[in-house]
Each structure stands twice: as C-alpha cells, then as structure tokens.
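Pasting a structure below so you can have a look.
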Amino acid sequence: MTGTVVVYPGTFDPLTQGHEDIVRRAAALFGHVVVAVAASRRDALFPLAERVAIAAEVLQPLANVEVVGFDTLLADFVRARGAKIVVRGVRTVADFEYEAQLATMNRKLYPDLETVFLTPSEKYSSVSATIVREIARHGGEVGQFVPAAVVAHLQRKF
Amino acid sequence: MTGTVVVYPGTFDPLTQGHEDIVRRAAALFGHVVVAVAASRRDALFPLAERVAIAAEVLQPLANVEVVGFDTLLADFVRARGAKIVVRGVRTVADFEYEAQLATMNRKLYPDLETVFLTPSEKYSSVSATIVREIARHGGEVGQFVPAAVVAHLQRKF
Amino acid sequence: MTGTVVVYPGTFDPLTQGHEDIVRRAAALFGHVVVAVAASRRDALFPLAERVAIAAEVLQPLANVEVVGFDTLLADFVRARGAKIVVRGVRTVADFEYEAQLATMNRKLYPDLETVFLTPSEKYSSVSATIVREIARHGGEVGQFVPAAVVAHLQRKF
Amino acid sequence: MTGTVVVYPGTFDPLTQGHEDIVRRAAALFGHVVVAVAASRRDALFPLAERVAIAAEVLQPLANVEVVGFDTLLADFVRARGAKIVVRGVRTVADFEYEAQLATMNRKLYPDLETVFLTPSEKYSSVSATIVREIARHGGEVGQFVPAAVVAHLQRKF
Amino acid sequence: MTGTVVVYPGTFDPLTQGHEDIVRRAAALFGHVVVAVAASRRDALFPLAERVAIAAEVLQPLANVEVVGFDTLLADFVRARGAKIVVRGVRTVADFEYEAQLATMNRKLYPDLETVFLTPSEKYSSVSATIVREIARHGGEVGQFVPAAVVAHLQRKF
Amino acid sequence: MTGTVVVYPGTFDPLTQGHEDIVRRAAALFGHVVVAVAASRRDALFPLAERVAIAAEVLQPLANVEVVGFDTLLADFVRARGAKIVVRGVRTVADFEYEAQLATMNRKLYPDLETVFLTPSEKYSSVSATIVREIARHGGEVGQFVPAAVVAHLQRKF
C-alpha cells in the first residue's frame, strides 16, 4: 500500500451502484481507499456487520480498496488511520449543502482534514439507497440500482 | 370514462387545499385522474381508510376523479391501472429535487412511465400537510389550508 | 391533427439532444406539439429563421410535431393557437425555480394556461445549449450533445 | 422594557454559538427579545426545562433578552405576548425555503405577524445543533460550536 | 422622523407591486425607510431620475418613507445616512443565496451593518421586474404586477 | 515535479483570497497544481496577460503551483497537459449545480477527466470576484477579500 490514503464514509445501507461508482473513481485518483461503514444510530435495514460484508464482497476486485466498519466520530476515525482526506459523492443540491456544512465542522475538529467531493456518473445520479430500500420492500426489481451481490442480500431480507 | 388516465399519488395525510388544487388542474388537463393514496410506512395521523374516505368526500364533485388506496410499488400500481402518466405537484426546490430523482427511478422500473409536474396556485404554494398537522395538534385554525370536510376530521382527531 | 395541442417554447440556439428528448416525450403524451422558437432579444448564435429550420429538420420524423417561430408574448402566442398547455423541460433546481416563477406570471396573463414540467432522460440532464455553444466555439466535439443535423450547422458557423 | 418586542423561537437542543450570535444581533436591532424555546414533539436530547435553563444561563448577560418555554402554536404565543415580529436565523438554502413556507402560513394564522430573517456571522454558518449532538454523543470536542456553559451540560449528558 | 432608520436598496427598474409590498412591511416595522434607488451599471430600462420619480410617486402616501437615488457603494451610503440596517426582500432560493453572500461582504465593509430579510406576500412571490419589462416590451398587460402609476410609465416607454 | 498533476481553471478576474485558499488546499493534496487562467469571452476587467501576472505574483511562494493562460476548450487543455483531474471550488448551491453540469459534459469530452470539488474556508465562503469588482469600482476597501498584490492592481485600474 503506497500513496495517499483517503476515507470514503457512509452508511451503505445497502451499497448502491452509485456508491460503487464513487469508490471506483476514488480508487483511480488516490493510492488507497478506506470505505468506512458507519454504525449509524437510525434503524438500518442491514446490521453493520452485514453492510461491511456486502461492501467487501462487491469491492473485493479493487486492489487498493479496503472496507471497515466504524462507530466513532468520523474526524477521529480519519485521524486514527493517519489519513487527511475524506471523499464524498454528491448528487443533488440538498446533498451538497449538507455535506459542505459537515465538511466545515469536520475541519474544525481536525484542521488537516480536507473533504473532496466527487459526482457520480449521470447514470447513477438519481440512485438513492433510501428509495432502493422502498422498492425492495415492495418486491420491486432493484437490479438496475445495486450490484448483483446486493440484490441477493435484499431478496433474503424480504 | 374516456381519454388519458393519470395517477396522482400521495400520502394525503390529510388532503390540503394545495392537493385539491393540483387534482383540479390534472382533471382539467387529462381524461381521468386516479388519486392514489399511499399506505405509507411512517406513522400517519389518519389511517389509510380514513385518508381515502376524506379525499373521496372532498373530490366527489369532480366527475373524472376517483380515489383509491394502494400499498404496492407506485410503478406497479400505475402499470396495473393501464396508465403511463404520474402527476405530481411541486412547490419548492426541495420538492422538485426529490421528485425528479423519484421520477428517474420510476422510469427505470417502468420505462413507459412519464412524470408530469404541475405547480399549484401561488395561494397554496406554502401549504404543507406536515405544518397543517402541527397547527391542528395545537388547536390552531386550519380552515385556510384544508377543505371544509377535512377541518371536521381534524377536529374529531384532536 | 386531433387531441390536445401543447406549446413547447424555447430559444433552441441550437436544439440539443435534451430538447429533442423533451419533444419526443411531449409528442407521446399529447395530440399535437407546437415547438415555438422564440425570437429572443439576446444575441443568439443562430438567427431565428435558422433556429426554426434546424428544429424543423431534426423533428421532421415526428408526425404530430410542428415548428414555428414567434416574436410575441408567450401567453398571447399560446392563446392565439387555441392552446392551454405549455410544456417545459427542467433539469436543475435553478431551472425549476425560474420556470415556476414564469408559469405563475403566465397564469395571471392567461388564467387558462397551465404549464406542465417534464424531466429529460438522465442521459441529457447535463446538456445545456450555452455550454454546447462554448464547446463548438472552441472546436470541440458536440456530437454527443446535439442531433447530427445540428453538428453540421455548428461546423459551418465556426 | 421599552421598544419593539420580537420573538426568536427554536428548539435550542442545545443552544449553539450560532443561536447566540442571532440573539445578539436581534438584541442590537430591537428593544426586547423573547427567546422562545419550543417544547417540540421529537425526542429532544435535553428536556424543555433544561433547554430553557441552558439558554437563560448563556444569555443572562444580555439585558434586553428573556428566555421562556412554550408549548402552543407559535402564532398564538407571539400574539399572547403582544408581539408582531418573529426573528429567524437562516444559514442554508434549505433553511430558507422551509422558513419562508412557515412564515407564510404564520401570516395567515395571524396577519399582523412579520417574520424577519437574519444571517449569522459566517463563522457560525455551518454550526448545526443536530451535528453538535452527534459530535457530543461520540465524545468529540464541541467547545468550538457551543457556548462554554453548554459544553458542561453536554458532558454531563454523555 | 423618529425611530430606527433602515435602507431598502434596489434597482427598481421599475418598482413592482412586490417591491411596494416590502416597503409597506418595512415601514410598519421600522421608524423611517429610505428607498435607495441604485444607479446600476447595466442598461436600465428607465434612467435613474425616472426610477426615483416613479418610486416617489407610488410611495408618496407612506409618511415614513423617502426615496433617493445613489451611485456609491451601498455600505458607504448606509453609513453616510447614519443607518445600520439594510432591508431586502427575498422570494426565491436563488435570491436568498446571492443576498446572503452580499450581506456577508457588506458586514465586512461596515461591521455595524445588519441585513434584514423579509418575504413578500405570496401574491407577489413570483413578480420579477425583469419579467415585467419583457411583458411590457411585448405589449402585454402589466397591471397585475406593477402599481398603476408604473403602468403609465411603461406605456409611454413602449 | 513529481506526483499527480491537477488543473484549477477559472477566470480569476481578479484572483481573490477565496481562490488563493483553494489553490493552497489543492497544492497540499496533489503533487502539482496548474492554475489555468481562461481567456474568457465576456468583458473582463483585467486582460488575460494581467490576470496571469497577478495570479503568478500571488502564488509565487507555492513551489508546486504554476500559472498559465489558456484559450482552448478546458478538456483539451487538461488532456494536452497530460492531466486527468480538474479542481473546482464551490461555495454555493448555485455554483455546485452549474459545476456539476460542466463536470458531466467535460467527462463526455474526455472520459478520463475527473472533477474534484473543494470548499473554501468559511472565512472566504462569501467572497465573489464579481462583487469585489463592484466594490473596487466604487472605491471601496477590497483588502479583506483579495491578496495584497491584487489591491494594488485594482487601485491602478480605478
């Protein structure tokens, strides 16, 4: 493992094709990408361990990507990893506004921390994990929105 | 019943004057309007059957409007009705952004489905069912925001 | 020509694949689509007659679409055509906010007028005629953004 | 107490440096500022009495500011105080859109009521009580975001 | 003239019913309102002197309102008037974002300066001077958007 | 010069403290930063050569930053430099929406091109070159918004 380490945090409940697209872009730009799955306080559809397992399964082909769960403050997690860069995908104006606010607060907690925003391919610009969960709950086809491995996990769940 | 069938989905918890305005506009533009009341997973103020009954009572004067409840995927409901057009009212930038995202995902689930956005009269551009529920909960006057029949339902509730 | 007449106004300087997508959607929803090319006061790249000719050439395969230029108030044009529906494509939050404002003012000028908003396919959600002109001006490839006939017009221009 | 009375409502769960900044600005513009702490139906981190106590402790040095809790409709509270002006701080586009909607509905409930929007110093433009609670929950340093007295309350809580 | 002086700046090219609504609200909240008509570098439809004259004619019934033209930096104008408060009307998210940016820069130029944002009545929430000029230019009816005195000025112009 | 080359394009008319902040952040993240000053078709305050000279003067202390002018398509410029990453600063929702659109179109012109968005320090989040030019034109103090060297250039200009 050489080169710059970046952290791509999220709930990934579950990992979508849009998340995967951002991971691939980050992995092409930076030396090592830590996909950091947040424990999250809200009722998640999948428990943390399963969200980590799903992401690891999907992203396994990418040599410079690792997947870990975390349940601390993001700024502390990034510092503990010796990293300084957080990557976030932004699709909408609402995403951007919230993310920019978070990035500023994180900079105050850890002044060396820089948040780098990427946009997914337009193909994935409307894919939302929240809507994917709704579709799966109603028995709809989610194969266009999530990686194949995730379809299986969703089917077992419902 | 002749002409194009369109589906106007929503939670309608409860139906506001803004919703009624959109139904009237849709009924003037298209042959038949199906007001589709979503079961919704969130804790609704009114149960589905009552939301359907309220909407039916209010919209009864409109000859080409019918009200039904549904608890499936919207795309599946629209297809099952033999329809291809969904109507949505948009008031704010936040509404629009979320609705556009949903419309794109629905198009992937059912490629023939088109979502048509209408704007309510400016008189209703700030009316929100969420705020109406808050006002009613505190015993405020909601007669300017919801049809008369809905005022009675809200009074019985609180 | 039977069925509902709708007007799709714009500057179309030049017609993009995104505009074409909206025309196709409108033509599938309504009986007759009048693509109304606005004279526009700003310095257009193509004169009105050429913008009309380009749009007519591209849209010629669509049987229920006609292309005309106009230099009056949109509300007056729509009324003169005996129409009541304006179609507009919206891609961004900024588009939507301006278009909703315009729709409200047009409703005051002509109370029967309804503006119906459609979203283009996500493939075209970032295509902007302004950016297309910039690319063409610098000799860039615009074939991914405009119909083939428009590429030729742009090449003759620069 | 002389001069115009204004009401600055909020949940203040807890009071942040951004809220304090808005109170100071309101207190410089108007004769008397009532900081009105809303009971709120959502699960608050601090109970109403503690939120009132915290705000009162922090704002005690400001002679023309008082802090009270309320559990009625805001429009009714403002009228009962004999006031006509509500002050709200806005940081983001999303804040503004929601606040403008609320202001319009409040005007209908109480036509004399005017909502006046202020922007905080840019130093506080990203401070959010929601994110502060998240940071405190994870044991992070919140001293840059909330007044010193609030840090102590948060530490006792977690 | 007693009480707080506020400055309401703008181009007012021409004064609309929306502007008039904001002036009335400001005049109800504050002791004295200076409507400050900016010279503006862009090609205005009406020269500065005429914009001042139109605004003065329309606002003449309001005892605590005065109209003046200015061609200096707004922060300098406000300071020279001995005022500390600028009033701005905001209708849209785009308005708000630009105005908030300007307010922050003005605070840096003149730290005592506070910008207070008001929202117009929803009746005027879509009225834009830019669109009014377009309508007047095409001979459309502007009587629903501008005060009667302004209609006459627009008719003489076109 | 080793490490990843990134291009930070803009008009820089003139370079502000906000631009300088983004350059410093980019220079800390990447091996080499090319500040690419666009010729721009709009009437710029400073001619291209002077904008390049100003930026070069201000950024001279940064060892891994170079400043060049360009008058081609951005995607072509980036490719010609052998680079794949464009850096853009975003302050507002409107900025973000336009930049995301541009990033998508640039990706179609040059599929390897990735646009990376950074946010400036909140101190600079309201600094706009357009407003700086307005202030300077009216003889206002711009020293809080632009680097010292730029103040001198602006003074000579007005």
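The chains carry the letters A, B, C, D, E and F, assigned in the order they are written, with residues numbered from 1 in each.
Note that in this section a contact is a pair of C-beta atoms (placed from the backbone, for glycine too) under 8 Å apart; a residue touches a chain by one contact, two chains touch by 3 or more.
Everything quoted here is computed from the prediction, not taken from an experiment.
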item: Intersection of the contact lists for chain A and chain F; value: C, D
item: Neighbouring chains common to chain A and chain B, by label; value: C, D
item: Result of counting contacting C-beta pairs for A-C and E-F, higher pair; value: E-F
item: Relative orientation of copies chain B and chain E, as a Cα rotation angle in degrees, nearest 5; value: 180
item: Interface composition of copies chain D and chain E: same or different, split at half; value: same
item: Of all other chains, the one whose Cα centre sits farthest from chain E; value: A
item: Geometric centre distance via CA averages, chain C-chain B, whole Å; value: 30
item: Between chain A and chain D, centroid-to-centroid distance (C-alpha), Å; value: 34
item: Chain D-chain F separation of Cα centroids, rounded to whole Å; value: 38
item: Of all residues in chain E, the ones touching two or more other chains; value: 93-94, 97, 100, 104, 122, 125-126
item: Touching pairs among all chains present in the structure; value: A-B, A-C, A-D, A-F, B-C, B-D, B-E, C-E, C-F, D-E, D-F, E-F
item: Contact footprint of chain F on chain D as seen in their complex; value: 93, 122-123, 125-126
item: Complex interface listing, chain D residues touching chain A; value: 91-94, 125-128, 131, 134-135, 137-141, 144-145
item: Chain D residues touching chain E - in the complex, by the definition given at the top; value: 4, 25, 28-29, 85, 90, 93, 96-97, 100, 103-104, 107, 114-119, 121-122
item: Chain F - residues contacting chain C, complex; value: 41, 72-73, 75-76, 93-94, 97-98, 100-102, 104-105, 108-109
